[in-house]
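What follows is a set of notes on a single structure, which appears directly below.
A, B, C, D, E and F are the chain letters, set down in written order, and residue numbers restart from 1 in every chain.
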Amino acid sequence: MSRIDGRTPEQLRPVSLERGWSKHAEGSVLVSFGDTKVFCTASVTEGVPRWRKGTGEGWVTAEYAMLPRSTNTRGDREAVRGKIGGRTHEISRLIGRSLRAVIDFKALGENTVVLDCDVLQADGGTRTAAVTGAYVALADAITWAQHKKIVKAGRKPLTGTVSAVSVGIVDSVPLLDLCYEEDVRAETDMNVVCTGDGRFVEVQGTAEAEPFARDELNALLDLAVTGCADLEAAQREALAHTL
Amino acid sequence: MSRIDGRTPEQLRPVSLERGWSKHAEGSVLVSFGDTKVFCTASVTEGVPRWRKGTGEGWVTAEYAMLPRSTNTRGDREAVRGKIGGRTHEISRLIGRSLRAVIDFKALGENTVVLDCDVLQADGGTRTAAVTGAYVALADAITWAQHKKIVKAGRKPLTGTVSAVSVGIVDSVPLLDLCYEEDVRAETDMNVVCTGDGRFVEVQGTAEAEPFARDELNALLDLAVTGCADLEAAQREALAHTL
Amino acid sequence: MSRIDGRTPEQLRPVSLERGWSKHAEGSVLVSFGDTKVFCTASVTEGVPRWRKGTGEGWVTAEYAMLPRSTNTRGDREAVRGKIGGRTHEISRLIGRSLRAVIDFKALGENTVVLDCDVLQADGGTRTAAVTGAYVALADAITWAQHKKIVKAGRKPLTGTVSAVSVGIVDSVPLLDLCYEEDVRAETDMNVVCTGDGRFVEVQGTAEAEPFARDELNALLDLAVTGCADLEAAQREALAHTL
Amino acid sequence: MSRIDGRTPEQLRPVSLERGWSKHAEGSVLVSFGDTKVFCTASVTEGVPRWRKGTGEGWVTAEYAMLPRSTNTRGDREAVRGKIGGRTHEISRLIGRSLRAVIDFKALGENTVVLDCDVLQADGGTRTAAVTGAYVALADAITWAQHKKIVKAGRKPLTGTVSAVSVGIVDSVPLLDLCYEEDVRAETDMNVVCTGDGRFVEVQGTAEAEPFARDELNALLDLAVTGCADLEAAQREALAHTL
Amino acid sequence: MSRIDGRTPEQLRPVSLERGWSKHAEGSVLVSFGDTKVFCTASVTEGVPRWRKGTGEGWVTAEYAMLPRSTNTRGDREAVRGKIGGRTHEISRLIGRSLRAVIDFKALGENTVVLDCDVLQADGGTRTAAVTGAYVALADAITWAQHKKIVKAGRKPLTGTVSAVSVGIVDSVPLLDLCYEEDVRAETDMNVVCTGDGRFVEVQGTAEAEPFARDELNALLDLAVTGCADLEAAQREALAHTL
Amino acid sequence: MSRIDGRTPEQLRPVSLERGWSKHAEGSVLVSFGDTKVFCTASVTEGVPRWRKGTGEGWVTAEYAMLPRSTNTRGDREAVRGKIGGRTHEISRLIGRSLRAVIDFKALGENTVVLDCDVLQADGGTRTAAVTGAYVALADAITWAQHKKIVKAGRKPLTGTVSAVSVGIVDSVPLLDLCYEEDVRAETDMNVVCTGDGRFVEVQGTAEAEPFARDELNALLDLAVTGCADLEAAQREALAHTL
């Protein structure tokens, strides 16, 4: 069986990670998972939020948003509505937690990195593209901070790599990296965040229609681990050259 | 090894589900998982939100909140701050999705049930207690709607049962139904929502410190499935008598 | 003439004041006036709001809210609407002023007590039940603070007792402690807050339909004073044993 | 004993009610109680709020606000803060209720009058000046609506007059119409709204320091009734000529 | 050709600048441009906003608002809506910038002046009346601050005068100081802020229908410069006597 | 004298207008003025806002925003702060007015076009780049609407072209198209919106430090007209091929 866009079930969409997309940010990446495009910037500031002062530890956080016309029909701006929706909150928190899983806060010192992930074009998997791209922006920002001596010499705040991918069951077939059209039809939808060594940072599976059985869950996890390994290779390749 | 409160790793806290706690609501339950107490009401209204009108299908949604002093130190009221936090949004959405997994919307007809889950006292597992208690309140509300002929004769909107439990790894030991003190110390924290037949509605696992391996994930899922089966028994027993 | 629920005009509904309803709060009470149930917690924190710092005086304040399904038809959450309504503000302020009337701020020292009064079930008189219950929670919180030496030895921050009751004229008859159904039909509605020695802290009377004459006002005040004396007895009795 | 400004205890400050202060509004008054100046406009619109449609009855409501520098030190604008404070809500509701007490909604027909009371300069008693001035603006607006045939011929929506005054106990002496300096020093503060026939629409008494006794309450009510009678005379005189 | 109100094209409406309209504010003016009436107060506080601390320089800012019934049909209060509209923001910023153009911040020292411009009655040109009136209130506030030694002896924070006027093209004729009816019909609408020496602080021209040509722009600027000179004369006259 | 980036005073930065940047929007452009990059999408919806219904006329509006790290230091998201700032409002309104100046609303029919202009990278002149780019996105959206018969056959909603440029005086020299560093140092700053035939839609000049004289204003206008002619050529060229 071939998918809408001709992929095999266990195939990612074309992934691209363009570094240096902003002249202002300490790290920046335009990440594409097929037609899904997310602009990720990493902003370093010295100092930490009040509740963390004096601990000697840094902080990493993230904000996710969609441009109003990143989707097929225009959505209202959350700034205009005056409040952030639940989905936006949820994804921002997921990205933050995912990146914090590979940070040594002591090594970062009392510095903060904010990841902004703005979806320019959405075609399914925006949150997983955001995690994957934000990791690369974060890596660049930390390299910058090391050069600027904001991070102390010899300290390695980054303890590993992290990437994310969606998996789902469509017409009873487990698929990797769903595009929007597949996502809408999925019976089960799961977002998985893995470290480079194949362990899990987040597993979020939701039955959209029918509850899913343990063996379906297992099949999805297998697919996700493979997909994250491919994404980690793409991250490594993107980061291979000096900016 | 015994736990803080003397339980074995695979043991739930004492669970109670007191029905009929509100004279106004169509369904209401005070659910306790140990010292965690959540007041769940189910409100039935005829009609559905605008985007669902004319479909012949109903809707079920949920709102979760914590009373300011449900926790050890008083938290600000979200109404006073003027906005709902990300965590509140996230949990409200989780409860709504979990209950919708066991609803036949056609059978419900164009009626809406709102589940309000207000935490009176928190000691870990408030969201899982909320799902478990809200199911019972929902069941009572649907029975009420059947008696009132709001749901048409012969229709069965409830297609199964649903309950939820937290699991986590503390000091390398997988534990069922974490209390607050355990939750704080957990390396990995997972909330699992199951139907009565042991399938999954939601699986949300988060590495709090170290990423978790596949076998840890499996051990946690095993525990959760057992816990949900026990909770389902408690729900069945609570619903056994007519109010 | 007997009332809807069989009471005489000058009779309170059954009053109960259950202390120790929260394991977290320094003082807590579930107060019932008939079917009206309000959960009151008193939270003690060292320190005072900025405008009071350095005065050597403490502060007592209150927040009132209704759970969405505490009423016959579900109301929107104020947190969801993003703002607190006028009625909520008004009652929160009333409760705070009422309790401050029996506090010696110098004796309290630079400590703050926040009373949260959340209506679990409403059947008229929620604000008067809240004042009456909050007093008991406040008393327990102050005892706690004395034991913890947060209040200095020998200091007595509580200078008296305070309770509140509603009165109103229904079908030309002055009635004590209106239930919801009576409240809706009342021509005049008054809330009276008294100290234990029969003096007034607040008198808030409103003509719902016709303006009221001086002798009607006098009859209502007579009733209220009697009702508050009964409530004060209930408070005394509730506080008679050590928690 | 003479007061700060030389008045006797039972004497109002100079009262002025200038009609026709706006060329746009259907009724408008600049009311002064001494240095307290409130600009009141009455806006008539055909139609009523949704919840009142089809009842054949009209509606009257009010909004109160203070200009930022109406007080001795500048206050933040509520529009800038993004929310209306409790005190503003409370007073807006009081003014609305007070005016509705003298309206026959059937005679008004399905029309709405909004009273805007904006404090230009505050020196105590802004809410009582607002009620007193708003009544005159309302009377002019209703006359206008009668001329325009928005109110049907022969209908008299205004069933009486209404005015308001503050009373308080300062240094144990009951005083009428407190200025700001007296208000700050008052042990007890009461706002009383009366109709022209000496009956009560609202009685709101608050102990600022010590609770007050029944005879103090009586003395304050006596003063207030006298004051309102004087205000009613001023209203009658202001309305005596055609605009 | 004569205008709606009989003026010649280059004629201002009657201008009045009544000083001392508030007993609380350090400077206050009721400014009228015909039927447009704006109440301007200047509030002096010692200290500056955080971002300016330690610079030795002061700050001047402005807030503009319209009373709900200042216009022909009642507008909603921005405080009730919970947010400030774009037009209000824009005008507040314009007034602030205009006044800052004639302030020597070093001479002002670390003090802040806030100008509140509240429109009591609107008939076109509210922003230009606000700038013109606010200048006079500011001048009085600075004189006050000099007397109080808040501004150091010998310092002159005010470096010039500033006034504003609207100009527009109606039926192809350039007109000075448009009233509302003219403003609605204008093809081009321009607000010009000038200093007393005929130079420009702000030029804001907008084509309402057709774009405008360079010679039309020139004609409008000529008119505006004349108008501002007349307004400056009115300001000088108003400030001629000591309050 | 040469400028920071080597340009002559009357030279634009390199301008690029990349069409078709979004697969979802009816028109989309990535516009660059040097390092300033704005992503403009045009969204067509059938129907108009309520206040325009039944007029047979369409509507065009715009929303402008900056990504948080589009600037040198990260700014807070307006959605997180819960309100839109004055500057954002002002620019959104400017863009909307500018585009409406070249629209024949009757020809557009009862359809709405929303222009979203999101700044990806800011280096001065974001609002003028936004107007210039949004025009091209609008043109594409209207072509799309003509093909889809949403705009009736033979109707030409676009009546001309519009572009915008900033001009300013730096070190007494009038410069075209200021980059951020020049903008900060400018004594006078002006944004000018012109139609393709050299007439003005908006002229917004602000003295940042010293007021500016008439001849300076004239020199700036001369520069702006030249710049807009160049921008119009770039727009024409960008639109020359069919997408």
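In this text, a residue touches a chain if its C-beta (ideal position, glycine included) is under 8 Å from a C-beta of that chain, and two chains touch if they have at least 3 such contacts.
These numbers were taken from a predicted model, which means no experiment stands behind them.
When the partners of chain B are compared with those of chain E, no chain appears in both lists.
The chain with its CA mean position farthest from that of chain D is A. Among the other chains, the CA centroid farthest from that of chain B is the one of E.
Chain A and chain F have CA centres that are 33 Å apart.
Computed centre separation for the pair chain A/chain C is 51 angstrom, with centres defined by C-alpha atoms. Chain A and chain B have Cα centroids lying 28 Å from one another. Shared interface positions of chain A, i.e. residues touching 2 or more other chains, are given as 82-84. Taking chain E first and chain F second, the full cyclic order of the chains is E, F, A, B, C, D.
Note for the complex: chain C touches chain D at residues 83-87, 89-90, 92-93, 97, 101, 160, 190, 194-195, 197-207, 210-214, 217, 221, 225.
Those residues of chain E whose C-beta lies close enough to touch chain D in the complex are 22-25, 28, 35, 39, 41, 43, 45, 63, 65, 67-74, 77-80, 82-84, 88, 114, 116, 118, 120-123.
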